[in-house]
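Questions regarding the structure given below will be posed in turn.
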Amino acid sequence: MLNLDFHPSGRHFLQIPGPSPVPDRILRAMSLPTIDHRGPEFGALGRELLDKVRQVFKTQGPVVIYPASGTGAWEAALINTLSPGDSVLMYETGHFATLWQKMARRLGLEPEFIGLPGDEGWRHGVQAEMIEARLREDSEQRIKAVCVVHNETSTGVTSDIAAVRRAIDATGHPALLMVDTISGLASADYRHDEWGVDVTISGSQKGLMLPPGISFNALSDKAIDASRKAELPKSFWAWDEILEANRNGYWPYTPNTNLLYGLDESLNMLLTEGLDNVFARHQRWAAGVREAVKAWGLEIQCQDPAVYSPVLTGVVMPEGVDADTVRQLIYRRFDLSLGMGLGKAKGRMFRIGHLGDCNDLTLMATLSGCEMGLTMSGVPLASSGVEAAMRYFSEHAPAHASDA
Amino acid sequence: MLNLDFHPSGRHFLQIPGPSPVPDRILRAMSLPTIDHRGPEFGALGRELLDKVRQVFKTQGPVVIYPASGTGAWEAALINTLSPGDSVLMYETGHFATLWQKMARRLGLEPEFIGLPGDEGWRHGVQAEMIEARLREDSEQRIKAVCVVHNETSTGVTSDIAAVRRAIDATGHPALLMVDTISGLASADYRHDEWGVDVTISGSQKGLMLPPGISFNALSDKAIDASRKAELPKSFWAWDEILEANRNGYWPYTPNTNLLYGLDESLNMLLTEGLDNVFARHQRWAAGVREAVKAWGLEIQCQDPAVYSPVLTGVVMPEGVDADTVRQLIYRRFDLSLGMGLGKAKGRMFRIGHLGDCNDLTLMATLSGCEMGLTMSGVPLASSGVEAAMRYFSEHAPAHASDA
Amino acid sequence: MLNLDFHPSGRHFLQIPGPSPVPDRILRAMSLPTIDHRGPEFGALGRELLDKVRQVFKTQGPVVIYPASGTGAWEAALINTLSPGDSVLMYETGHFATLWQKMARRLGLEPEFIGLPGDEGWRHGVQAEMIEARLREDSEQRIKAVCVVHNETSTGVTSDIAAVRRAIDATGHPALLMVDTISGLASADYRHDEWGVDVTISGSQKGLMLPPGISFNALSDKAIDASRKAELPKSFWAWDEILEANRNGYWPYTPNTNLLYGLDESLNMLLTEGLDNVFARHQRWAAGVREAVKAWGLEIQCQDPAVYSPVLTGVVMPEGVDADTVRQLIYRRFDLSLGMGLGKAKGRMFRIGHLGDCNDLTLMATLSGCEMGLTMSGVPLASSGVEAAMRYFSEHAPAHASDA
Amino acid sequence: MLNLDFHPSGRHFLQIPGPSPVPDRILRAMSLPTIDHRGPEFGALGRELLDKVRQVFKTQGPVVIYPASGTGAWEAALINTLSPGDSVLMYETGHFATLWQKMARRLGLEPEFIGLPGDEGWRHGVQAEMIEARLREDSEQRIKAVCVVHNETSTGVTSDIAAVRRAIDATGHPALLMVDTISGLASADYRHDEWGVDVTISGSQKGLMLPPGISFNALSDKAIDASRKAELPKSFWAWDEILEANRNGYWPYTPNTNLLYGLDESLNMLLTEGLDNVFARHQRWAAGVREAVKAWGLEIQCQDPAVYSPVLTGVVMPEGVDADTVRQLIYRRFDLSLGMGLGKAKGRMFRIGHLGDCNDLTLMATLSGCEMGLTMSGVPLASSGVEAAMRYFSEHAPAHASDA
């Protein structure tokens, strides 16, 4: 029998920015018996799922579902639309943007990686005017795609995708727009069609509240056209056979049935609550957490309030404090997992996730654990963040409470 | 499909003093397929269970397990040992002691209900000298049993059972000693044999962390002897046939198999951690919660620090505040259930459970919810109880953390 | 971790006449987190449950739900309505009727136990004319209740309850009619109001497809009146306080919450399918199983085709064959549990349950296991029962298939 | 709430050759809360898993685990080891070998597809001498890999991998040997090291009894060397970063945590039972099923008894019978899923899976469903296959029964 926790009592607080805590309803749905993926019930389930998932991406177009974790969907987006040696304009918002750019290079593309200098890129969203400027220079239209991250999980900074679209449009450049919203979808407002995105990449283990193992590509017609000419070799990720089989609710190869049960339950939960209520809920949580960080006198990694992430908050440690030591103390003593600093930010910050199966008191527990752990680690705090958060949550009622 | 919660996201905080939050391990064990209760696997399970459960009661004698909730085990204790019209000396510690006394009357016994005057009885433990005095008066030995509650769930006050035993022994009176530790077992120190208890009554839904539905009678030889002569009519509750069938690990009628799976898992968890560690864990939690209540400037229902309950804490509202209104606000706004005031204490207090599947951060969430709800209800608080509890939990490491 | 089965692979076939196989839907419902039994969601659940459960008993009157297994509901029926020394007319249909009669005696009643002579009583249903004759003799109306078993689990024989009602009415005798349909409810047609039953006793672990742990008393007005005057001591089982608390969907003491979740799911399943479809399903299964037994050339315990049980079939072994040896071989070799012969029938028969989460192929597996086990035990079989059952199931479509 | 089945009662019989029925133990393990995939418990789990999984492949070398379904592992094997335009010798054993060959072509390789003429290739295993002959012709060593399927899921035919190894060795040709045992692993004997396989491909949803979503590459040193020079673009599937991260029990990107819990439970079950016992169990089941098919007078798809699959049996319909019509009748009437004929065999056969959570009686239910469905479809049967299978299972005790 698995023994996953050395703490003798109580539930673990999983407050990393994904995988997020999975609601019991979803875990229960996933434990239904596996069925024949070529039988009639499966087809009916598939058709219903493919219809509902489009609502979450806010698209009328197709959404491809992969039986693979999110990194695979990055690869799928690049491989379906591009040819060896193609130039790709990628924007550095943080660790995940950096990894995606490395992937592009490994796949034989020519990524150009732009962004603000020094640490600034990791503390602000995409600067659309930099993309516009670069595209204007590209008079030969060698750049085939612009790739940006909507919610940078390593920093807690979002980006204004509509602005990127306007920037591209302003230049008349034909590059595809590809957006990673792996950690943004279903927590932060996102609009595939309205924002004119060509390929949206997402995954299951964040706002959809599922375990990892499913990932997505939402497609524009332009992206589908591009996929017909693109020459990177593709088979498992190829959209064409999947779109063909999806017409009847099936997949060309074995889908991961039990995670699809979970996806169905997740979509039911989200669409019943209403996406706007879901987004408001995350905005409110994020605001409460930021009140705490400010009260502590610590810096928030994101320096532009317009693009604070509703999904996670990056908390910067004062000079000389190793964030990982603090995190480990908190984990061992209080059974609370926080996100580590990644890449350039290693040891300098920790990340508080406020997504998944969560509520005000879950966050109060989380902030209490942080406050105790910081104090025990000798980090000087200006005032009690826990009190500040209590004040915020007391004064700002959630939607369901005001309805009641 | 059941919809048990109007809150759209997150886990409910069930911080009533039982039923306590059930660990996932136990819920999973309970979902194993039901087996034949007359087959060989069942017999093996039964024998193992009956052996392990004795360790939790700290007895070498038999423990009878009923497929019925805790109130049934009260009835079983009285019905097996007493005859119509028998006098029983019962001590008023709170609402549950009062209910047990009413039951005795309904069953045709003659309970004599003693205790401290006014509200005092509900704020202190059993006064052993009052029992001693009463037994000394009973020169005809008409009193057949002394009945006390070990952990009074309605008040958060425990009683010194060893002192009651000494009081009885000092008089040489032959009355049986019957103790209800429904909410104390497996959270507070309890010693059936060492304390010379004749019948210990307990239930599944508190320290054993199971759903309700199972209850217990632990028996002394003297109690078994008494049951042979007792004349209250009995069949379902009768010990004799159960003890006979238990020899081979079976029951004379259908046991509740799936709850027994849960009991097996619970006993494994408790005995692996070690009962002393379990008790220390509850004492530490209780101390942290009391720090918060004191910081708020509110009164704790229990007025004798020597008998503070490690299982729950009763928080008395200031004059003019309706505790149930506060509780309901906290429930609706923060998805946190607190125990209501019962009987004489209705509307005057709420009760915080600190038992079951719980940890420091669960309690911090709970105390945050209380503090926000009290403030929002206009209850003046002297200082932040949340801060006081954080200080306590920071300064007092749990056993597992110091081992680590 | 529990290890409940020495067989290395595959699902156990639990074909005893209860506890019956529990559908996964119900096990999943039972694993929802335990909630506060005094909170608002619980009250709503309770009211809905109490309403739906009446539909299954076919009564407009109240149904009392006990957090105790079925034997407790026998005791409750007697204790609520009768006084010490009361005469009760009980009819011997088999082992469970015998146990109920023993219980009546233990509780201080005066049961009179009538029935057909020798083994005949265990092979036929209640002979209503014998009850009529006995009541006519009772000119002083000393008999306070007539107690019969609707579906005798030890034999696979049902009884005609409407006929018993007519027999009582024909005499004008005021005795209460109390009926045990622990194993009949929700599998065999049952009508509390139409048949004029005063107290119907049932349990959770048979047709309701739940684990054991819940039991029922359905009440007529006459029974409730009787309970006001009855003098057997009662408290846990007392209807009055339960009926009072039930008005708001609560119970006077802790109910077994998680089994109530399962009950809710069970009632949803049964009422959605429709009780008539449920009964037809069991009748069809029973007919298929009987075809097999007849083809084997073995005797069915029930000798009156008008009262064959739709719930189970008793298979009588030829002289000289020990049924338990056959059962054990089948269990060890084929992972199939069959019901043992009980009481007078010990070693002479085994019982095949055809209830709970079951379908045609489950029964084909069961009959194959029986046929292999009988052959391996050297029992001479006239022909293949498996083939006979296949013929029956092929020729008789289930309701859902004809709809499709 | 998902409604996956129009049948009102009982468990579905999922007897397709994968996804196979998942044991409850595994479904329960998968429902544990998702943990931080960068935390210390995860690393410990990862290291233990990677160690145990090697035992199932019978290799000392590394096994790469992908968070993707089996088709992905085919792609991974090709992409890691080969360069654009490379020749690959692939052998046609059935539908899955054909699909793998199509994939190779899509990925820009030059597959050469050999096999027996006409339908013969789908009814026999790999003819090692054909491979040997072809390699001898390849004096320029243009062929970089030989790809064969160990257990062809579309036909129920296995192949002698050791013979293929000997054939390659006899020629001294340096081509890699890549083997798909997606449906063979953990059901049929398989030996990565002893048979000198360079890349073994497998998946979770067959003998490992998990839902789909995990797949595997077991690697030889030679394969790892090849991967350093291979030029097909790769990132998600790239072994190098995975092997590097695996040293500490982690993955370079998010693994599918909950399926890994299930894998851990699966490995515990298989290794506790012992792989030889597991293989014997499947051989016995397959033999019993073949007895039934022979008794019916129907043809088995596999024409070489030396390579009958222990995992599934393909049953060929007589001329003029549409296998899919028969399958659908059986599904609707008896709640039993059988595998359809794929590719060339569409409509001409159905496939009975005998793997996953299964036992003798599950197979008797399956064969009963087939026999009834065939008869109802008007297919003339020579004799009762059900009786033949009962005879076989009666006369051949499983390993655990003889131990008992």
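Here the chain labels run A, B, C and D in written order, and each chain numbers its own residues starting at 1.
By definition in this document, a contact is a pair of C-beta atoms (placed from the backbone, for glycine too) under 8 Å apart; a residue touches a chain by one contact, two chains touch by 3 or more.
Being a predicted model, the structure only gives us computed values, none of them experimental.
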item	value
Chain at maximum distance from subunit B, centres defined as averaged CA atoms	D
Pair with more cross-chain C-beta pairs in contact, given C-D and B-D	C-D
Whole-Å gap between the CA centroids of subunit A and subunit D	34
Centroid spacing, where centroids are CA-atom means, of subunit C and subunit D in whole angstrom	46
Geometric centre distance via CA averages, subunit D-subunit B, whole Å	54
Overlap residues in subunit D, where contacts from two or more other chains coincide	1, 6, 11, 24, 28, 31-33
Residues of subunit A defined as touching subunit C within the complex	1, 24, 28, 31-33
Touch list for subunit A against partner subunit D, complex	1-2, 4-6, 11-12, 14, 16, 18-22, 27-39, 41, 45, 66-72, 74-75, 79, 84, 103, 106-108, 203, 205, 211-213, 232-236, 238, 253-259, 261, 264-265, 331, 337, 340
Residue ranges of subunit A in contact with subunit B within the complex	6-11, 13, 23-24, 273, 277, 281, 332-336, 357-362, 364-366, 368-369, 371-372, 375-376, 384, 386-387, 390, 393-394, 397-398, 400-401, 404
